[in-house]
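Multiple structures follow.
Same chain, two partners: chain A is paired with chain B first, then with chain C.
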Partner chain A sequence: MTSLLEKTARAVVTSHVQDTEAASIPNNSTTWWWAEENLTDRFSSIDSAAPAFEPATFADAAIQGVSYISAGRFACFKPVGLTSIVDAAADNVARSDLSHLSGSWRSSVRGGSRRLMKFELLEQAAKQLTRLIASGGVRANQDQLRNVGTFVTSFVVDGGPSPQIAATEFGAVEVAWVVGKSAVGAIFDDDGSYSVWAQDWNGDELFDLDLEDAMSTGLQETIAAQLCEMSTRVRLAIPAV
Partner chain B sequence: MGLEFAPVPLFGFIELAELQQRWIERFPELTELQAVPSSADLAGGPQVQVFTGVPRLRVWAQGSDNGLLVQSQSDRLILNWRKQFSGGHTYPSYDVLRIEFERLWEEYSSFLGDRGFGQAVPSAAEYTYVNHIKLGPGEDFEDVLAIWTVPDNPLPGTNESTQFQLIRSVQSEDDTFPAQIVVIGGPQSVDGQRVLSLNITSKVLFATGGAPFDALDAAHALSSHTFANITTSTKHEEWDRE
Partner chain C sequence: MGAGDRVADEDILLRRFNPAERSHYWFDQEGVGEKHFKSGGLSYKPDGFSVYQDSKLIVLAVERSVVLENPGWKIAGTTAAHVRSLERGGKKLLDAIENPIPVDDEGDPVRNLAHALIVLPEGTNGSQISAWAKKLAKELVELSLVR
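Our next item is the complex of A and B:
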């Protein structure tokens, strides 16, 4: 028997393929209401509608129904009582390859499983850093802290991966974002120098650079692009420490 | 107004009680409460928390008939002014409260130093404006809030309740003080008078540079600026506020 949740998911996926009107609906709450009200009774084979649809990618305990809703948008639903509600919505997936659907989602503000906004991620980072300082784990001076802060603030984005901050065995401050085997990080020494590194989805090194001056625009863009790509594969924020 | 800092390890109830002795003459009425969770722990929505050992505690220390309330725990120091406990005194102004708060912070810090806990390492400063704006006969949100408009076409039904929340991010030019402003509004009845309750909280992060009280001043300025800009010029004239 097809559950209402699955029925809803399939209907929305089918809608994308068959109903061009869906693509013109703006990204606001009306969209999701419209989708829920109009699509729940229309579905066909999910495989034929969107071959790249990978429900397992979103197989979080609390969020199981993920549905492509229109060009550049998708949403996931969860059952509530006799109906379903939109639990998460996403954009920035309007790319030619449907496989992008498998990752780029951003939760709504509803529910406890949402991904965190930039300020919340920065606050977590600030707490990690102050706890390190308080514990004596780092001998951080003001310039070093300012460099860490500028780096973290520059690259943290809404719904992106959580920055993790730790002390190295030599007392330097390390910042890293890790999703699967892909990662971006930097190590800040107390003499003002720092190194920046990254590895791709396979865990292979992309770059490892020692720097003393401000980063070039090109390197900043490379790091931002790598983090953007990693963001598409984040499902849930790391719990606060 | 408040400062949040890295939790001081081994700072339990006994230490918290001893700390109160630093300001007991100014804040003699003590109440024991459960600690407020770390704000970062609250990000992402409600969570189930499992504790082992003794739960963390917070102490309220209230002044005598002056509306002042100090809240202290192992990772926070907060000073509130509450009108209902002010004995009829008016709000003493930010500058006056800041002096008291700075004194409290020095007393907290010196206590940590004296007891061998090291220094408190702050991560955030916060300032909250709580406003109760009286709504006159026939007045509604759009008469008070510059951001509120009446829809061109009537909504179905009659209004039962209106509440709203705004969250805004603020970034300083040098990335030193990322900040967030949260505005929560809704109707209330105070002494039989219909009012718009408007809470404006500004939180400023400064773990990576800057002094705690610079961040507190920034938080106060953000809340004050937000209040001025979110309310209508008509109300400003009514309040003789520039």
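Our next item is the complex of A and C:
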């Protein structure tokens, strides 16, 4: 018998699938897409939504990418077998067993480790950068700092990992997001050039590119998708500077 | 084998780092114990990234811990072959050469004899060195102090 919750899960996931197809976003195993969604509006409570989107609850490796993050505000999907995603979400809801939720999920839902909003993450980044400049580790080159600011602002999202900022031995500024073996980063030189890199959750390199002009839309989407996936696994806040 | 000679492929190159120093590693927000060594933990002064050859320490009959600055520090490393295999933009530019530092005085650390450099081609600019430092740092893994 199909429960009301199961029907709701099917409806939510199916609507995402339809939205994605309408937007003609490539559907393959390496392309992630993310959609902002206030899931709590669609479910009776945050806890009832959780089983449908907690990655740890999915036994099928092919759909491990289905995730739910940041107190109901975002959902990430890896479009590997969309029908399976719908079925798996519904199955999980049907089981309605909250005991298998991970510690990180419980703490984020119940307030043990609040995820930071975008403006808080940006403030954190600004403090790191200010400290680097004050320490003399970074020359206060306006173009360089503007590039760093644009990059960080472009990819920081509510509930996502924190950008970590460091100086290199040669006065360049390095930015990185690190969650487990996954990482995304960039190095900004004071001549305006920069390089961007990323590695997946196995630690394998996705790309490492030297750039002088603006990033392509495709690269921006790849970085955003990688950070979205990483967001689902954030457990710890970076220590305050 | 002496200064400037290429380090054998199988040799392990060691780099010390301070686990309490944020400029030496990225903080892992998943918190599963991964240690992401950061380029800030490397030093390119003046001709290459400073490291120590594990094989030389063995010959000198000293422990890996002699390369540490302080007891609380740790060691990361990889093989010379792996360093040489690293690629950016389709190029493999890193090499590892011996760079023993003379031990003249009694107070000079014996580890100096095992010193080596990971080098880039002459004329590589600071921007490229930063990029290669990042690349190299990502490949260094924490190693046990005890062989």
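Everything that follows uses one rule, which is that the second predicted complex is superposed on the first by the 127 of 241 C-alpha atoms of A that agree within 3 Å, B and C clash if a C-alpha of one lies under 4 Å from a C-alpha of the other, contacts with A are read in each partner's own complex, and residues count from 1 in each chain.
Criterion: contacts are C-beta pairs under 8 Å (C-beta built on N, C-alpha and C of every residue); 3 or more make two chains touch, one makes a residue touch a chain.
The model shown is predicted, which means the values in this text are computed figures rather than measured ones.
When both complexes are superposed on chain A, chain B and chain C sit side by side without a clash.
Of the two partner chains placed by superposition, only chain C is touched by A:Trp197; chain B is not. When the shared chain is aligned, chain C comes close enough to touch A:Ile187, but chain B does not.
Once the two complexes are laid over each other on the shared chain, residue contacts for A:Ala166 go to chain C alone; chain B is not touched. When both complexes are overlaid on chain A, the residue A:Arg139 reaches neither chain B nor chain C.
Shared-chain residue A:Asp208: touches chain C; no touch with chain B.
With both structures placed on the common chain, the touch criterion links A:Gly149 to chain B but leaves chain C unconnected.
Distance between chain B and chain C in the overlay is 15 Å (nearest C-alpha pair, rounded to whole angstrom). Shared contact residues of chain A with chain B and chain C: 237, 239.
Interface residues of chain A facing chain C in the complex, by the touch rule stated above, are 161-162, 164, 166-172, 174, 176-181, 183, 185, 187, 189, 191, 193, 195, 197, 199, 208, 210, 233-239. Of all the residues in chain B, the ones that touch chain A in their complex are 5-9, 38-47, 118-124, 167, 169, 171, 174-176, 178-180, 203, 205-209. Residues 111-120, 122-127, 129-131, 133-136, 142, 145-146, 148-150, 152-154, 237, 239-241 of chain A touch chain B in their complex. Those residues of chain C that touch chain A in the complex are listed here as 22-23, 26-32, 34, 36, 38-40, 42-45, 88-89, 126-127, 129-131, 133-135, 138.
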